[in-house]
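This is the structure, below, for whatever I ask next.
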Amino acid sequence: MSRIGPGSSERVGGSRRRRLGLQPERMRELSLLAIIVVAVLAFSLVFENALSGRFFNRVTTSVAITAVLAAGQTVVIITRNIDLSVGSIVGVTAYLTGEYLGDHPDAGLFLAIGVAVLIGGALGLVNGALVAYGRVPAIIVTLGTLAIYRTWLIEHANSQNITADTLPQWLDELPRASVLSFGEFDIRLTFAVAVLVVVVLQIALGRLRWGRWLYAVGSNPDAARQAGLPAQPLTLVAFVVSGALAGLAGFMFLERFGTITVFAGSGLELASVAAAVVGGVSVLGGSGTVFGAMLGAVLIALLDQSLLRTPQVSEFWRDAILGALILAGVAADFLVGKRLRRRWAESRRSLSLGATSERGAVTDA
Amino acid sequence: MTEPGPYLRASGLSKRFDATQALEDVSLTLHQGEIHALLGENGAGKSTLIKIMTGIHAPDQGTILVRGEPANIRSPADAQRHGIAAIYQEPTIFPDLNVAENIFVGHRERGTVVRWRRMYREAESILATLGVHLDVRALASGLSVAAQQAVEIAKAISLDVKLLIMDEPTAALSAHEVSRLFDQVRHLTETGVAVLFISHRLEEVFEIADRVTVLRDGRLISSNPRDEVTPQGAIQDMVGREMADFFSRSEHQAGDPVLRVEELGREGIFSGVTFEVRRGEVLGLAGLVGAGRTDVALALFGIAPADQGSVDLGGRPLIPRSPGHAMRRGIAYLSEDRLQRGLSLPQSFTSNITLPTLRRYVSRLRLLDSAAERAVADRFRRRLNIRTPSLRTPVERLSGGNQQKTMLAKWLNTQPAVLILDEPTHGIDVGAKAEVHKIIDELARSGMAIILISSDLPEVLAMSDRVLVMREGRQVGVFVRSEATQEGIITAAMGAA
Amino acid sequence: MKKHRTLLAVVAGLALVMAACAEEQQAGGGGGQAEAPGPGELVTIEGGEDMSGVFIPKATDNPVFDQANDGAVEAAEELGAEPASFEGPPSAEDIEGQIQIMTNAVTQGVDAVMISNNAAEQIEPAAQQAQDAGITVVSWDSPIPSGADAGESLFVAQVDFDETGEVMADMALDLLGEEGGEFAILSATPDAANQNAWIEDMEAALEDPKYENLELVDTVYGNDDPEDSYDQALALVDQYPDLQLIMAPTTVGIAAAAEAMQDEDLCGQVLVSGLGLPSDMVEFTLNGCAPEFALWSFTDLGYLTYYATYGIATGQVQAVEGAQFEAGRLGEYTIEPDPTRDNGLRIVMGPFTVYTEENVEEG
Amino acid sequence: MPEWARRWGWELLLAGILIGVLILNVSLSPFYLGVQNVINTFQLSIEKVIVAVIMAFVIVNGEIDLSVASVMAFSASVLAALHAAGAPFGLAVGAALLTGAIAGLFQGFFVARMGLPSLTVTLAGLIGFRGAARILVEDQSIGDFPEWFDRLGQDPLVGRLSFGLLLFLVGIVVAGIILHRTPFGRSLYVIGDNSEVARFSGINVARTKLIVMTSSGFVAGLAGVLFAARLGSVRGDLGQGFELDIITMVLLGGVSIFGGSGTMVGVGLSILIVLNIRNGLGLARFAITTQTGVIGVLLILSVLVPNLVSRFARRRHRGPGPAPPSGGRTTDQGGDLRGREHESQQATVE
């Protein structure tokens, strides 16, 4: 009868179930990969050079910024929060870093990145403090700071743009720098950096104690408190990471576009949330991977770039498709979740034959 | 194995919340390897005591010594450092983390990097010492409550806990799961862990405890080795009155059948439930928690509709599709979960009472007539003797017993033919309990058909005309009042021979 | 208590209605409309009177508009008037922003509004309201479509729009040579009135046999957004392997396209030209990504706008066809009907400057 | 604190702030006083304030609708596209209004029937409906509406009140009555506080949420049509970013972001505050972006201040009433708002 007693060695979350249990994330990533491949093939029928190295380079360069942002966004969403301010943080850091480089042409690459990351991290800290210690919901805080940071930038810039000619020469050459080349296919430095960020974060979230705690806090905040996890500092850290990565993205933005207006980066907050959600990061917190978010970002960039090159479909379809993708992502997330809950209920029944179904039964109804 | 001896000694603990003295001069000693049961009515101060020990509240007065050293426990983390951990009725697991992570998540000393393989190995070995076999890589969201509780105990072991506080850990478990849990607890005490065990189920307490302590009104009433305590004595200590005071049921005569239920069932939840309730009759639904009693009620109330069998209400067939539908046909259901399903806490006393029947209080323009609402609420306030500062007071400011009566008023106001009461006296004080019983009796006398779901066996026996017993989703017997005994019902409910 | 709540809402609502219905129309301010000389006479605009004004750019995020404001401030100082308040929406897509500023200007009772209209007809009700209140409304850079019917007194055009098409066609010819080749246009937004007029004009100019080898393959829109323009430019290159030139009649588009070509090492292959701001383009002109482009002076445009507006608002100039006036250092102008609109008057400022590596650093 | 002060504390505070803002405005700008300015203030934001009224319903109901600005653009685009395609204008208006309702219904389906969080669903809507608008009008500006339509949006209808303003004034009064004086309104509060309680009280939660989300879409669509009339033309980016002002108006009005509390009087007062702040700053020649930044600050403060106040109050005064023998859970976590004391109440029962 009992399946967890000493006499019975039957496994409650048996190995079959384990594969099913852990699988959703992997499944999600695999299916995203499949969708990406199918999309590339489909677009290759529509316009010529979808399989060319050149197109590959276009997609990878344009995905770099969103992928970095989506990685940061993932960290925040895992803790059951959201960061809508990243678009403005990108703008502020791109602008200020550009200004800094204009004033200090001798500053090197790493110093410039350091400045950008520091500024971004500081802005993230403000968000994090308000959410973790002020206990204002993240959506409110970051909707507010989205406006506030942008306003500050506009005031600060006094309608002066950062232009390419004020920037040091090495910055101009950065977008063309490749780490590796296979014929026409380049791995551009920016893309390599984005991949590096994703890999590092993926490992950190998977293997660092604090990484697992971030999942724990998002998965069950009450339990996290009872387990004595530092929930508030963790939330703060998540926002700082997101801000710092937005700062890095701001630097990438600067080196890519050269010209920075006070509206640089606006709208990227939605793209990053979209990438994360499409990539299987659960908006309920506690689950999802940075790698999935990266795939989400790739899919979105692929759509963007392909639609620009598909004369039959106007590029204006982009946002509509993006909205549909998010909805599909969330719905898939929930259907999986629902199945899990149902399985849970079943396992409870099989354990105790009708015992404790009182709660389970209602949630199914 | 550690030497037995006092692990924690609390002396003179007091805690005050505004006007309420939650705890007054309580002293308690918990020995290693001993299972110490803590008994008390709701509001007796058990939770406050636990919260002080786990660092959630600070005591106003008193000291705690751990292993003879003064301990300043200010946070759950402090408690953890002193080897104190608590397990609650609803396990606090992380559904998105796997079993091994759930066991080790609170560990701070395990380094910055998670070493998965070692963690899995250690998790497996801890679970093995408990005699539990779980896949340590499975996500916790897929586990049963019992398995989750096993994970919690494993977590406590992994933290090298020296004092494990278990707050009603058996409330959501089946009988078999409870006995497995007790095996696990005994494993623990053999290694010298002190256990503070809180339960409302006396039989469990007497089965497992080495020592029984009773709190009442924030004071320690008695603390004796189990062998020197009898259930009756413990109950008297808890309530301070004779048991006979509680239950009153006047002479009465049941009328015509109102509700007839035949072979009712819901796939995978419960099946084969057949009964009828007459006017003026109280039908008790007994069984262990989780035996499917609430599921029957939810089916009748249209929350989780039945998919087998038939229901006949007042001579007409009824397939309740939704609570609104069931209500319109004259069924009312007072939920066991007052806070999550019963009352809207920030809403006023009046709005809570009129909530299901709002459409009755509209004027010509279909606007709410608040005077009429208040009149009704006031009537119930007097009739049920509900103490509320005003009719507009949010119910969150009422005491548990008055909240419970408010809920009762809310459902009585729907003027139901059949009133289903699910644990109507759960978590309220003794005085309020007696009042509720009196109300039930009056309602039955006035001709209402009542289904009473209760885990409190004496209550069921005293109040019911007939008792239907369920076990594991099935109906296992119906006892008429004259034949019903505690032993008979328990035997049926537990399926024990 | 509930009753009170509703009552309060009703009272609040009623109070507002009553406040609104009562009270008379607020009197409009505006400069004294003295007897103005008729058409034909040359008026030299002179200072002395004060004029309060608002100078509204399409957006505050584009430096060209700052230059325009610099010109306006310069003019105000010459005329001894208080410089106009420089207020604009944050982005050119923010139509409501301009409407709000125009509406507030009425409330503030200024004498004149100088606006570079960032939309189409949307501004007209507010402009009409302004004129009704006695405010002189002059548009510059981008006109109000209904002109005088919507309260506009005058449009100060930067260049003759007919000239723009030819200038662009000439630059294309110059860059691609006699043998010609494929080129594409990267514009601002599809509804940007100026750009559309210029593109139309260029297409007309291309009919001339001397441009017969120039083949316009596509027109795309970068929405005056650097990132969009950048992506669009690259998409053009991918889509048309034989593309040799991107012509961008917008300062944002041309800079973004040049940046994109530079980033992708395409400068030798695909050239960029169009209308650009010298300070944005120096680098690309010198390194050959955008060897040649054109623009007019925004500073002068602002200067002229202020002069013309001042003349009209102080009654020295009548906003009628044929009126002539002298505007400080820029010399003489004659008000003429605007051929691009049904009922609008305009003055045309003057020629393009074509920038190459020789003069770009001075610009 | 007397009962009425406790109950109306937030509204009183808002009234105080409003008076402060008015005084400040008068001192900042000599142009401020004047009926036309009051009318202009509303007229310039008429779409926002109309949507704010329905947004109050959505948030009281425990949901949020981030998509309103995009739905406005979508339905206005339907109007414009149909008009440009030569459809009868009345039909185009009808279709536009229907579009808003359908967009709301669509999102409502996911929220109410599938139980997805409205935050995400409407975030998808925010992007998706904007995209749909762009598909319809691309980057053009479509105008040339019939004269009467433009007049409806621009000219006064009764006295000096435009159609939109009248609609708003009538709307907010009706909305206040519905919210506070009807069974439907009461059920919104209960659902927002605890939807299980509502369900167990016989309220059809899913249907109520569907109605609210659909109404939100419909009103947003209506606002989109009004916007088209006021501007005389439609572009795909119409209304972009409006959600900031709209949500600020509602939350500042004292509607809890977690649902279940707030009054229409509060929302009305906060609408006046937000409008007057924008107006005052505009008249005092602050840039539009500054105004947006100020609104952002206001949004955060409208949640932060009550949080801090209630935390402070709780520290001084541990849980009111006969509450907790067992005390409240630690209050160091969770976004509890404005004395909703859920936590300490939880503890009333063990």
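A few remarks follow.
Which chain is which? They are A, B, C and D, in the order written, and residues in each are numbered from 1.
As a working rule, a contact is a pair of C-beta atoms (placed from the backbone, for glycine too) under 8 Å apart; a residue touches a chain by one contact, two chains touch by 3 or more.
It should be emphasised that the depicted structure is a prediction, and the values quoted were computed from it without experimental measurement.
Of all chains, the one whose mean C-alpha position sits at the greatest distance from that of chain C is B. Across all inter-chain contacts, the pair with the most C-beta pairs is A-B.
Averaging C-alpha coordinates per chain places the centre of chain A 42 Å away from that of chain B. Our note on geometry: chain A versus chain D, Cα centroid distance of 29 Å, whole angstroms.
If you average the Cα atoms of chain A and of chain C, the two centres end up 40 Å apart. Residue positions of chain C touching 2 or more other chains: 1-2, 60, 90.
The multi-chain contact residues of chain B, meaning those touching 2 or more other chains, are 303, 368, 392. For chain D, residues that reach two or more other chains under the stated contact definition are 138-139, 177, 181, 287, 289, 292, 330.
Only residues 60-63, 65-66, 90-91, 225-227, 230-232, 234-235, 238-239, 252, 255-256, 259, 262-265, 279-280, 282-284 of chain C touch chain A when the two sit together in their complex. On the chain C side of its complex with chain D, the touching residues are 1-2, 5-6, 8-10, 12-13, 16-17, 19-23, 25-26, 60, 85, 87-90, 93-97, 99-101, 103-104, 106-109, 119-122, 124-125, 189-191, 221, 223. Within the complex formed with chain A, the chain D residues making contact are 64, 110, 114-117, 119-121, 123-132, 134-135, 138-139, 236, 243-244, 247, 251, 257, 287, 289-290, 292-297, 299-300, 303-304, 307-308, 311, 330, 332-336. Those residues of chain D that touch chain C in the shared complex are 4, 7, 29, 31-32, 34-40, 43-44, 138-141, 143, 150, 154, 158-161, 165, 169-170, 172-173, 176-177, 180-181, 230-233, 235, 237, 240, 263-265, 268, 279, 282-283, 285, 287-289, 292.
Residue ranges of chain A in contact with chain B, taken from their complex: 1-2, 4-6, 8-15, 17-18, 21-22, 206-213, 215-216, 218-220, 222-229, 282, 285-287, 340-341, 343-344, 346-349, 351-358, 361-362, 364-365.
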